[in-house]
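Please find the structures below.
One chain, chain A, appears in both complexes that follow, with chain B as partner in the first and chain C in the second.
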Partner chain A sequence: MNAEIALFLIQDGLTNGAIYALLALALVLVFAVTRVIFIPQGEFVAYGALTLASLQLGKLPGTAWLLLGGGLVVAAVELVQAVRLGAVRRIPAILFNYIVIPSALLSLAWWAAPQKPALTLQILLALALVVPLGPMVYRLAYQPLANASVLVLLIVSVAVHLAMTGLGLVFFGAEGSRTPPFSDAQWKLGVLNISGQSLWVMGSSLALIVALLLFFEHTIYGKALRATAINRIGARLVGVSPAMAGKLSFTLAALIGALSGILVAPITTIYYDSGFLIGLKGFVGAIVGGLISYPIAAAGALLVGLLEAYASFWASAYKEVIVFTLIIPVLIWRSFTTHHIEEEEE
Partner chain B sequence: MSRARLVLGVFVAFMLAAPLLLPEFHVTLLNYIGLYSIVALGLVLLTGVGGLTSFGQAAFVGMGAYTTAYLSTAFGVSPWLTLIAGLALTFAVSVFLGFITLRLSGHYLPLGTIAWGISLFYLFSNIEFLGGYTGISSLPEINLFGLALDTGRKFDYLIWALALLALLSVDNLLDSRSGRAIRALKGGGLMAESFGVDTARMKIVIFVHAALLASLSGWLYAHLLRFVNPTPFSINAGIEYLFMAVVGGAASVWGAVVGAGILTVLKQWLQDLLPRLLGQSGNFEMIVFGVLLVLLLQRAREGIMPLVLRFFPAPKKQLQAAAPELPRRTQPAAGETLLELTRVRKAFGGLVAVNDLSFSLSSGEILGLIGPNGAGKSTVFNLVTGVLPLTGGEVRFRGERIDILSARAIVPHGLARTFQHVHLLPTMSVLENVAIGAHLRGSKGVISAALRLERAEEAMLLAEAARQLERVGLGDSMHEQAGSLALGQQRILEIARALCADPVLLLLDEPAAGLRYQEKRALAELLRKLRSEGMSVLLVEHDMDFVMKLVDRLVVMDFGEKLAEGLPQEIQANAVVLEAYLGGVK
Partner chain C sequence: MSALLEVRGLSVAYGKVEAVHQAALRLEQGRIVTVIGPNGAGKTTLLAALMGMLPARGSIAYAGQEILRLEPEQRVSRGLCLVPERRELFAAMTVEDNLVLGAFHRYRKRDKTIAGDFEQVYRLFPRLQERRRQLAGTLSGGERQMLALGRALMSRPRLLMLDEPSLGLAPLIVRDIFRVIAGLRETGVSILLVEQNAHAALQVADYGYVLETGEIVIEGPSASLASNPRVIESYLGLVSSDAG
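And then the complex of A and B:
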């Protein structure tokens, strides 16, 4: 291996690592706020990438239908609850949020897709179609179980992952897609070729991380999420609704997932089930940070990216084996550094 | 004959006749259900009973399958030897994985198993001598006493014989001293540790047990198909196994068979129906599985078995009147110093919760430790029982230092405790709950339990539990579910459980909290009776009325320090104590 290859692998690793870092942050966020280990994070990556790919082909993405379908189910659940509680006043808002808006987005996508709008508009449209699925998933799968143990929530996560992967197959088909890069620019820096795409990925990740930081430090909703993460009951007592916190954290996670998918789509071919492995690599990073620390999780994710890049150079067939075996030394290290006092659940 | 035995008999008869009568397709389904049941059984034990989870069981199935496939084709080793090799390999790997993940909090094990499951799947797919994605074919058939099991029909008997053995052994295990310890894991483990159960070891035991069952299923699978490739050992298969255990539920080991049966038939049907419905091919059944699993966890977290078990009321535990008594320790002479705290100190960061507290307790007395809320009483209790480490000072029991010991290591010295918030296993009978207290007075482990070699000891343990229940006056409720008792009775149950440990000193943490007047009187009555029988008691309490009428001596705490010590009358007249409780008049 010469310096050129080594540097190239570092660039490659950091580019992928930046995406894993985003996912790791979303996973830590969701876990801290809702105690949900969010396995379906990866499905949002795939959905984001494949939705953008459909739009670029001028086709109506399957997610638009999925959004309407999800909206109808949530509306049905909410309506039943509203009628049971006698909260008739909520009905217009339910109809608007879960039926009118998804229908409007579906119509918009139907109208806009064949016209192949500019890339920025396509990305915005793709996000608008995928992100609302986040809070819907929370409402349907997790909210009724908000007080269940971490273990039950984890099993639910795996079930949601299964269902969403299957739906991905229905709505996107079995073929993979790769979108054209955001930028074809190449810069020469010594022996290294820096691609515009990897700068885009790293820049966007950094921008998103800064945006999240500002959100958590300076907005009332960000503070509400932090409060919930630190003390669920305390936050509830001062008026932070756990359901709101849950939906908001899932919205953010879906946004981060879909954006990661859009960023990764020009680098690698994405299939309906590719998200799982990408999301799990974010997980390995998050576990390095103990599912608690944002900076260590991000650093762990970069490490995963680098390890993957070098593994695919040295032993490409064993790439996944090496990346996922990394978790074992990490767990050994954690098991000797954490003195865990048994939490009581159920 | 009980209804359960009758159904079991019908089931065995059906299994004997089925391979002879059913069409090939149905025999194949039965074979798969048997294979899956064995894996799901491990998860019923691990997840349903023990509260731990693995998504990586398919990887252990793969280990069993690939070990035999490789050894029997490359070296012509007999399948019976490769079975042992596969189990040995699985044992080593699962002990290692269990050791590194089970010490961490609950969710690291499932996450670790996902990563490990994926990793092993890619390993199977890429290792050349394991055939890569194409796998290994032409495995030898299994010979049983000269009979070649070369058809699915013949193989069916082997699968179901092993499945039944596995079911019965796990059923036996759960109904034993070790089984009670395993069932106590789910509540968090503190209670089990307080009666001497090594919960970390118990967790590894059930994890390894589940892994070995998976490996056995893999060995059977490989020789049934006489071909292996990586696909059936993917993480998705691991998820399906867990799904089977959740569908069946943990109320009975038969949940594994029910779950495996339902899922296998449902999958077959959906794989037929959905692609036709959607007009394209693919594994669409996973959508239905995912949605069903979420609904099941939301609506019926206990699975299907509780509904089935309604028709099979659990038989009452048979108590052998003739069971010999367990050996008892020699009680100390009255007046001997038992517990001695010397300048005990506990600081949480900057907050000093217990500040150089010293007092002692003698044999045969009831000592009350009282104080207003936040005085540090419960902290002292946790320091004495080994739940919290001391910041400074010493705790001695009969002259030996116990402050350096863990909660589990303190029990054998003769201290037994109750909990402020009762720690019971609500669905287990009162008798079995109490028998947990006698854990350290038995010694038989998992293997003898599975083989029913520990019945003599088990009878002694249960007889002791029954004796202690009679002693505290709960003899009539011993076959009821612990969760159905009133709070006052549950507290008394905890005392019976503590007595089962054959203690020298009983440590009671606010036993009167939340009790009604009559219940308090009954409790005080019981404690007086125990004292008259020579038992010593340390009582942490803040119900003054209850304490004053009961104890021999009092230690009063406030803000982590000892305020006063003496006879109840002296304390009642003590000006400093009155000020602490009622507020000073300035």
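And then the complex of A and C:
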């Protein structure tokens, strides 16, 4: 291997690693706030990529229907609850949030898709269609089980992952898609060719990480999420409901997932079930950080990206094996160096 | 006169074991009412149920409305606030962020008067202002209790419930805390105070209840409780020597 290839592999590794880092942060966030190990994170990646791909072909993305379907189910659940609690005043808001808005987005996508709007608008539309699925998933699958053990929540996560993969097949079909790059630019830096797309990926990831940091440090909702992660009872006592915190963290996770999908779509061909492997690599990064440390999780994810790049050069057939084998020494190391984190019982 | 809080037939159970049985109590606007009783009597359980942290049966009328089925967050939003026995601070966040979060429901309502309340809390507890950039987990026991009280005041409560605010604190700090509690009455906050330190509690309160094994066994104005032979024998004889 010469220096040129080594540098190319680093660029490749860091580009993918940046995506894994975003996903790792989302996993840590969701786990800290809700104790859910969010396996369906990867499905949001695939949904984001495939929704954008549909829009680029001028087709109405299947996610628009999925959004309306999910909205109808959530609305039904919420309406039953509102009536049972006698909270009739909530009904207009429920109808608006879960039926009117999804219908409006569906109509908008229907109208806009054939006109092939500018890339930025396509991306915004794709996010608007995919991100609301996050809080819906939380509302339907996790909120009713808020006091369940981590293991039960994990089992639910597996079920949600399988369901979302199946829905992905129904709504997007079995063919893969690759979107055109955001930029065709190439720069020569010594021996290295830097592609515009990898700069886009790394720059966007960095920007998103900084935005998340600012959100957690400086906004009242960011602080409320941190408070819930630190002390759930204390958070309730100041009026932060676990359901609100859960919905908000799932919204952020869905946003991060969908954006990651949009960023990788020009780099790899994405199928309805490609998200799982991508998400799993973010998960390995998150495990390096013990599912609690944001910076270590992000660093671990970058490492996964680099390892993957080199593994695919030397032994491409074993690329995934090598990457996932990383988790074993990490787990052994963690089991020796960190004290066991007791699951809190309330 | 209608009460701010009127509790009737309140029972709270952990599984099949009832920890509070058919409790009734009443608190008028602007008053301090205390519930005293030995360890394990059910005082913490009673407050947790009033705050909505535990399911309960019976009736809790607050400001004329039944709130038994409301979530804790909805009760916070209506002006109830609990300073729990374990404080439940956000240890890994700064003192100031803990106070900010105390006002969470007011930020949601876009309340413009929050800034002034920081000043008020810092005036009440200058120590918190000195340490406002420090993590709550690094505070001493007394400072933690101040922060717990400060965080509660940031929610601008109408009814403040305090669970053993003197627990584990040095006598001098206990005196400070009780001075603050007495001062709060002047600002119109109504207080439900749970204490094992019966001596200090009866001094500051207008009215008191004695809770034993989950049932209210004696009640009356503080002065009459303080001269009740049974109260003196069970609660004042022992405690008064180490009370602040």
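Just so it is clear, the second predicted complex is superposed on the first by the 340 of 346 C-alpha atoms of A that agree within 3 Å, B and C clash if a C-alpha of one lies under 4 Å from a C-alpha of the other, contacts with A are read in each partner's own complex, and residues count from 1 in each chain.
Here is the rule we go by: a contact is a pair of C-beta atoms (placed from the backbone, for glycine too) under 8 Å apart; a residue touches a chain by one contact, two chains touch by 3 or more.
A quick note: this is a predicted structure, and the numbers were derived from the prediction, not measured.
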item	value
Touched partner set for A:Val264, first chain B, second chain C, both or neither	neither
Most chain A residues touched (candidates chain B, chain C)	B
Chain B versus chain C as contact partner of A:Arg236, first or second or both or neither	second
Touched partner set for A:Leu55, first chain B, second chain C, both or neither	neither
Which superposed partner A:Ala224 touches (first chain B, second chain C, both, neither)	second
First, second, both or neither for A:Leu85, with chain B first and chain C second	second
Chain B versus chain C as contact partner of A:Ala18, first or second or both or neither	neither
Touching partner for A:Ile287 - first (chain B), second (chain C), both, neither	first
Partner chain A, residues of chain B touching it in the complex	47, 51-53, 55, 97, 100-101, 103-108, 110-112, 114-116, 118-119, 122-123, 126, 186-190, 199, 236, 239, 242-243, 246, 278, 280, 282-291, 293-294, 297-298, 301
Complex interface listing, chain A residues touching chain B	37, 39, 140-141, 144-145, 148-152, 154-156, 158-167, 169-170, 173-174, 277, 280, 283-284, 287, 291, 317-318, 320-321, 324-325, 327-328, 331-332, 334-335, 338, 340, 342-346
Chain A partner contacts - residues on chain C that touch it in the complex	51, 53, 69, 71-73, 76-77, 81-82, 84, 88-93, 97, 100-102, 104-105, 107-108, 151, 155
Chain A residues within the chain C interface of the complex	85, 220, 223-224, 226-227, 230-231, 233-241, 244
